[in-house]
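Before anything else, here is the set of structures, which you'll find just below.
You will see subunit A twice below: alongside subunit B first, and alongside subunit C after that.
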Partner chain A sequence: MTISSPVLRNSMRLILPLTLLYALYAMLKGHNEPGGGFIGGMIFATAICTYRMSHGFAAQLRLMPIHPRYLIFLGLGMALGTSAIPLLFGYPFLRSAVGEFHLPFSAHPFHYASAMAFDLGVMLVVVGVAVGMITQLSEELE
Partner chain B sequence: MTTSTTFWLLFCVLAPTLLGLATLWLPKKAITARTLLALLGPVLSFAILVQHLATHGVSSITAPVASPVVEWIPILHMNLSFMTDGLGGFFGLLVSGIGILIVLYARGYFGPDEASLYRFYPTLGFFTTAMMGIVLSDYLLVTVMFWELTSISSFLLIGWDRYDKHAVKLAMQAFFTTGLGGMFLMGGVLMLGYATGINHDEGLWRWSEVLTQGAARFNPSDPLIIAAFGLMLFGATTKSAQWPFHYWLPGAMAAPTPVSAYLHSATMVKAGVFLVGRMFPVFAVLQIWGNIIIPLGAFTMVLGALIALNQHDLKRIFAYTTVSQLGLLICMYGLGSLHYEGHPNIEWDITQIANHAFYKAPLFIIAGALGHYISRDITQLNGAFKKQPWMVITMLLGGYALAAGPGTISFPAKEFFLHAIYDAHESIGSWWMLLMAMAAITAMCNVAIFVRLLTTLMGWPGGMKPASGHGHDDHGAHGEHEHEHGFWAQLIWIPALVLVSLQYVGGLMPGLWSQWFAPLETNMYHFAEGVPGALHAFMHPGVPLYVSLVAIAAGVTVGLSGLMRGAIVDVHDRIYPAMYWLAVTGGGRAFRTIQTGRFRNYLVFVLLAFLAAYVAAMILDPAMMDVPPAESPFEFVPGVLLGVIICATSILMPIVQSRVVRVIILGSCGFSVVGMYLLYQAPDLALTQLMFEIISVILFVLVLRMLPDLKETDRASGRWWRFSLGTLTGLAIGWLTFISAQSGAEPKLGEFFAKNSYTGTPDTQGRGGGGHNIVNVTLVDFRGFDTLGEITVLSIAALGVFSLFPRRKPLPTELEFDDSVVRGATA
Partner chain C sequence: MKLENFIILFIVIPMGSGVIGVFLKERVRIARVLGVMSFLATASLAIGLLIHLRSHPTGILVSQMGAWPAPYGISVVFDSLSGLLLAASSLVALACYVHSFSTVEPIAEKRYFHPMVQLLMFGVNLAFLTGDLFNLFVSFEIMLMASYCLLTFGGTRLQMTQAYKYVLLNLVGSTLFVIGAGLVYGMTGTLNFADLALFVSKRQAEGRSLPPGFAALSISLLLVFGLKGAIFPLWFWLPDTYYTCNVSIAGLFAGMLTKVGIYAIARTFPMIFAHGNSDANRIVMPLLAVSAAFTMFLGVLGAVSHHNIRRILAVHVISQVGYMVFGLALMTGVALAGCLFYMIQHMVVKSCLFLCCGIMERHTGTDDLEKSGGLLKRDWYLGVVFFIAAMSLVGLPPLSGFFGKLVIIREGWESKWWLSIFGLLTGALTLLSMLKIWGYAFWSPSAKAIERTPQNMSNTSSLRPAYVGATLLVLVALFLGFGAQPVYDIAFRAGNQLVNPDEYISAVLGPHALDELTQYRQQEATRLAAAAAVEVMP
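Coming up: the complex of A and B.
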């Protein structure tokens, strides 16, 4: 499914990096601001699918040179791993660790929650599923 | 007793399996070594058990002592502890002792058939272990576990001939029947543990506790206790082949004869009798104990005996006499709940169980041996004595015990039973006469079978003559196996002789028998000094003796006459096939009716169920339909405008014909919802919904292009009906949303999340999610399990798509592939 529109194609080259950056930002910042793994993954997938529409399958492959299913495996593994690690320390499944540490050049302490790794897993799964399904189905059509 | 005792007894239970598995390491050709190694298993079990009983004595039934607990799964009340009271210890010795003989017999039976022996010994060991576990375990649930293991191992053994479809079907029949009983047993055990734990810290989960504290804790009229008893009894009756579940036992004759002799005469079928015997000391106070068990056992007893008389195949004859004898034993425990002269009406019950094992196993063994060399069809065996004198003599010795002739332990055993019936007249009035008549008919059939065996095998007049048209469809027919020669060949009948000789030890030397069995017995009242000898009954004549004599006379007459010489088919054999048909065919029909494969039909089910639940809720809580006293929902103009768009798109959906247009309409509906979220300040939701709409529209367009067009007639049929269903559902959901948004008084979930999302409150033990974005904290922390489940579902859906549409062309390995599009674009 490729749309040969020069406007779309050229604007995509500008939009794509910004969108991907924003997707990552939304994921990382999600714990305190609007965003999160699910949204981040959706934005990421939308960007890639739009890129595919404007530039074609080969370009998408260049951008993401692995089969999306590996993202699913990785993401699900990460989410499951993050959930299971507390068990090793005698805590319940999915207990998240919350804390702060100081970065060398920053006045503010850096706040972290281990749920972020879980969120990253969610994002990878969402990207893998959305991109994978669309790729597979459009390939079937082509 | 120390913990090491428990480990020794655990080894005693596991030894047959461990050594059975060890035989797999031997080379296939080494069958003598294999036999000896397999023999070591039950020998070790037997020896350890004898040693244990000799050191620690037989645990008394009123104050049973179990070995110290070794924790296994304490939370499930499954720990390792073993109890060797008279019943358990006797069954342990019986199982391992006959196990020894069966290992030897199997060597003679399978002969030089290496492949069969290779497979047989580990399976047999597995079964022996399961059986030992049932009878020795102290924890009820461990007993249940081993109970199910016997079902599994007997399935493997009955379906021994994997290529024989008939045998496999019969194996499944036995498995489902006894397995079903096992489920009931488990339910009963769980209910018992629950019911006894209601007013106490812990329920009763150990036999030793049930036996000591059961009487104090049971309220005989408590429906939970009665239900628990009923379920456990159901388990026992399926295993012990009581009517109407007895059909599986003759069916199990498809197994090789060593299996029949072991499982279906001596051990597995006795598991039910064992369970009834275990429950007897405490449960016999229940009113329904006697009311259910006595008629059930007595009916099974007569039915089995009558069918047995009308059979030709030796194994089937003995199978049905087993059914009959099991009915007798169950009935015996039923009569035990009645009282006579202040004592329970039961005498030497373990002797009566042992009696059956000591003649039935030899009969099976010889039936297999004769089938091996001549035939298993009694009409083909006329004059077999001349060909196989030793086998025939052993069989007749067993047959004489079957007929309960004087001189065998079977004779006093039957007298005990008849006495119990006669003594029951104190409690059950003239019903004893009916029971006595049933017992007499059973005894008559057994005598007739013996007389028939005697005349036929010896070739005397009155024996069975060959009839035309018979078929061998069971395993072990003549010529199936290569014959063994020399010493090992004799093992095909020697084990039977060893066992049956115990019958005559008991009959002719009652003092010796009493010395062996008195420590194991708990129910000795009128014959506390010992088992009576053969002459005792004749010295003290009474109704029981007269009944026996009448039965013997009638039996001899029937055996010699031409009566009941046919081979009939048991009508109960149809039960399982009928149930199987019902499950498979009926299930298939139901499946095809419900699972149409059309999404539209499934949706109808879901929506109808939802509407039904809605109506039910409305009836239960009429306040649901009251309009909440709230401000008008139509005050915010932009929201109303978006609402109008959403409604308009929804109404358009069913009107528009083209699918692609529909997708676009659905998308515009979704985008309006995004606007709604933004208006009401939910940026997270808006962002998610926006992205989701984009991706779902792309996906819909892709998928819809692959679907065939719907036929106009298909669309038109039932359109109005679907329309009204959809409208109703929409109204119901809309109303629910409306009233839930307006109900302000109840505490809301949202507030909980808002309070706890960052730092947490005492509600959450002071732990918060450590984030300010409530939506995200809810997703990854409070509802983390949900999210994990959702992404798993997503992944599975994606994998489904990947496998539904397999890649037809290989992925371009070179990234330059199809680069022209890109190059053309940039040029």
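Coming up: the complex of A and C.
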């Protein structure tokens, strides 16, 4: 469903990047605080769906040039890959590698965990499912 | 290289090939090869591990996900019970999958048929391996999602009507399950099977009663598992569901879905909810016994009354589930071993009958018994395969069903003789209904329907995979019959570990988990000895 409203179309220029950024923030924050791949994915999907409402399906495909269905399985594959790699090093499944590295312009060391890639996979699955469902339903409406 | 880490491969392999299979939508041949490889890999892994673990002191392998210790993290446990079920289910999946190459419509293959079969087995394997109640719920959900897809591939009106009922019913079941799991956590503070078993054993050793409402909770979980397992009052969804979908998929479902429900009862009830001599035990046991009698007997009466091959086979699943519930209702080590053996033999045999039914439908163009006939003259090989599978189902010695029924009925004779009589009666009626199919479809003179069948319907070269699938399963069934001893060795171990979960607890929670419990037991023993001494004194 597309809503032809100039107000929405123009404010999308601001809303879209902000929401996408916030989605990434929520995803990254999730390691130690409330947040994570699931909620990040939901926010990301909201942004995409609002964009679709204002600009239409063709514009959504330009923004995200892959059918959402494949995102689900890309995400699943990514999560599975990250969790299976420890098996090669003699650790149990899902074991996360953690460490720190220094960023050039920051005093604080950056703490990373390989569980982040798993979370990114979860995010892709959630985006795929949410956007995919809404695409399917609105195709039936149109 | 630690062996424990690799039991997760039972989950990684089907999930990985499911994910890859999605991207092979247009390359059907590669997708098929990948699927066969995946099932071959899990089957050989399961059988290899079972053989390897025969000399192991407990036969239990535990992997803690992400190296988080047991009651807090997720445990994946491979023991004799899950090992046997994994081996059988992988073999059945392999056979049904190969069989589907000659029955599946090209449109379904384009609609992600191959990944869905893999994801179904991902859920089933996870259910057999998981060590906690919440992941059992998750695996049920994965399995159900995939089964919804597989049920509705044709998209016909009839399929949609049946699938709608199936989805609705399972939604209710899942809701109840997750509520039950939440309540278990609220009452005991854990969801890990080993930790729950420890909780119950500790309470009993101390002589304290279980939390109030524990019995009610176990009944509600029994309701959920019974719904999936199609036991007596909850079986109404089953016959229609298996009737409408693709026949290879029906074979797979008949093998897998009900067994997962029965497995869930076998895993949780002897160890936790009905362990020892608790209130829950006193309520659950009679319920299970009555349900077993009704499931066996009403199921087989339904099968005798039907006149359609697929319906007879589908209703038969219910009656056979009754035998497994019979084994569960006795809840001794031997009876549980019998139940386990019966489960794996039923998976193999029932799926084999469905696969034969698929070939018969292709030959005659119908699954109505009245219209078919003369199959033995036309295809003697199919007749042999069907006959062996049918007689295994009935339980004619030396075939596999006999050994399952023998152990369960003999064990039941002592405590619940009336159930054993029901079991024997059901066996006789099973023979009757199988002979009905045999008589009408194979022995009767060829009916007119066959001449009306278009030639391409029973084109033998396209049926080759179907024969391969059915042959594989009948060979497994023969092995289970003639090689029952080694399988039973593993099954008895599994049964004893279910009734006496100490080995399971110490394998999952570490060797010191039992220290406190042993102390209580020793105190109790000395107290009893002292009391006995006082009684003797005067």
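Everything below uses one rule, namely that the second predicted complex is superposed on the first by the 138 of 142 C-alpha atoms of A that agree within 3 Å, B and C clash if a C-alpha of one lies under 4 Å from a C-alpha of the other, contacts with A are read in each partner's own complex, and residues count from 1 in each chain.
The rule we apply is simple: a contact is a pair of C-beta atoms (placed from the backbone, for glycine too) under 8 Å apart; a residue touches a chain by one contact, two chains touch by 3 or more.
Computed from a prediction, not measured in an experiment: that's the story for all the values here.
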Touching partner for A:70 - first (subunit B), second (subunit C), both, neither: second
Contacts of A:36 with subunit B and subunit C, given as first, second, both or neither: first
Partner chain in contact with A:92 - subunit B first, subunit C second, else both or neither: second
Which superposed partner A:80 touches (first subunit B, second subunit C, both, neither): both
Most subunit A residues touched (candidates subunit B, subunit C): B
First (subunit B), second (subunit C), both or neither touched by A:25: neither
Touched partner set for A:138, first subunit B, second subunit C, both or neither: first
Touching both subunit B and subunit C, residues of subunit A: 76, 80, 93-94, 96
In the complex, subunit A residues that touch subunit C: 70, 73, 76-77, 80, 84, 87, 90-96
Of all residues in subunit C, those that touch subunit A in their complex: 1-2, 4-6, 8, 12, 15-16, 19-20, 22-23, 63-67, 74, 76, 115
Subunit B-facing residues of subunit A, complex: 1-2, 4, 6, 9, 26, 30-39, 42-43, 45-46, 49, 55-59, 61-62, 65, 67-69, 72, 75-76, 79-80, 83, 93-94, 96, 98, 111, 113, 115, 118-119, 121-122, 125-126, 128-130, 132-134, 136-141
Partner subunit A, residues of subunit B touching it in the complex: 683-684, 687-688, 691-692, 694-695, 698-699, 702-703, 705-706, 768-773, 775-777, 779-781, 784-785, 787-788, 791-792, 794-795, 797-799, 801-802, 805, 807-808, 811-812, 815, 817-819, 821-822, 825
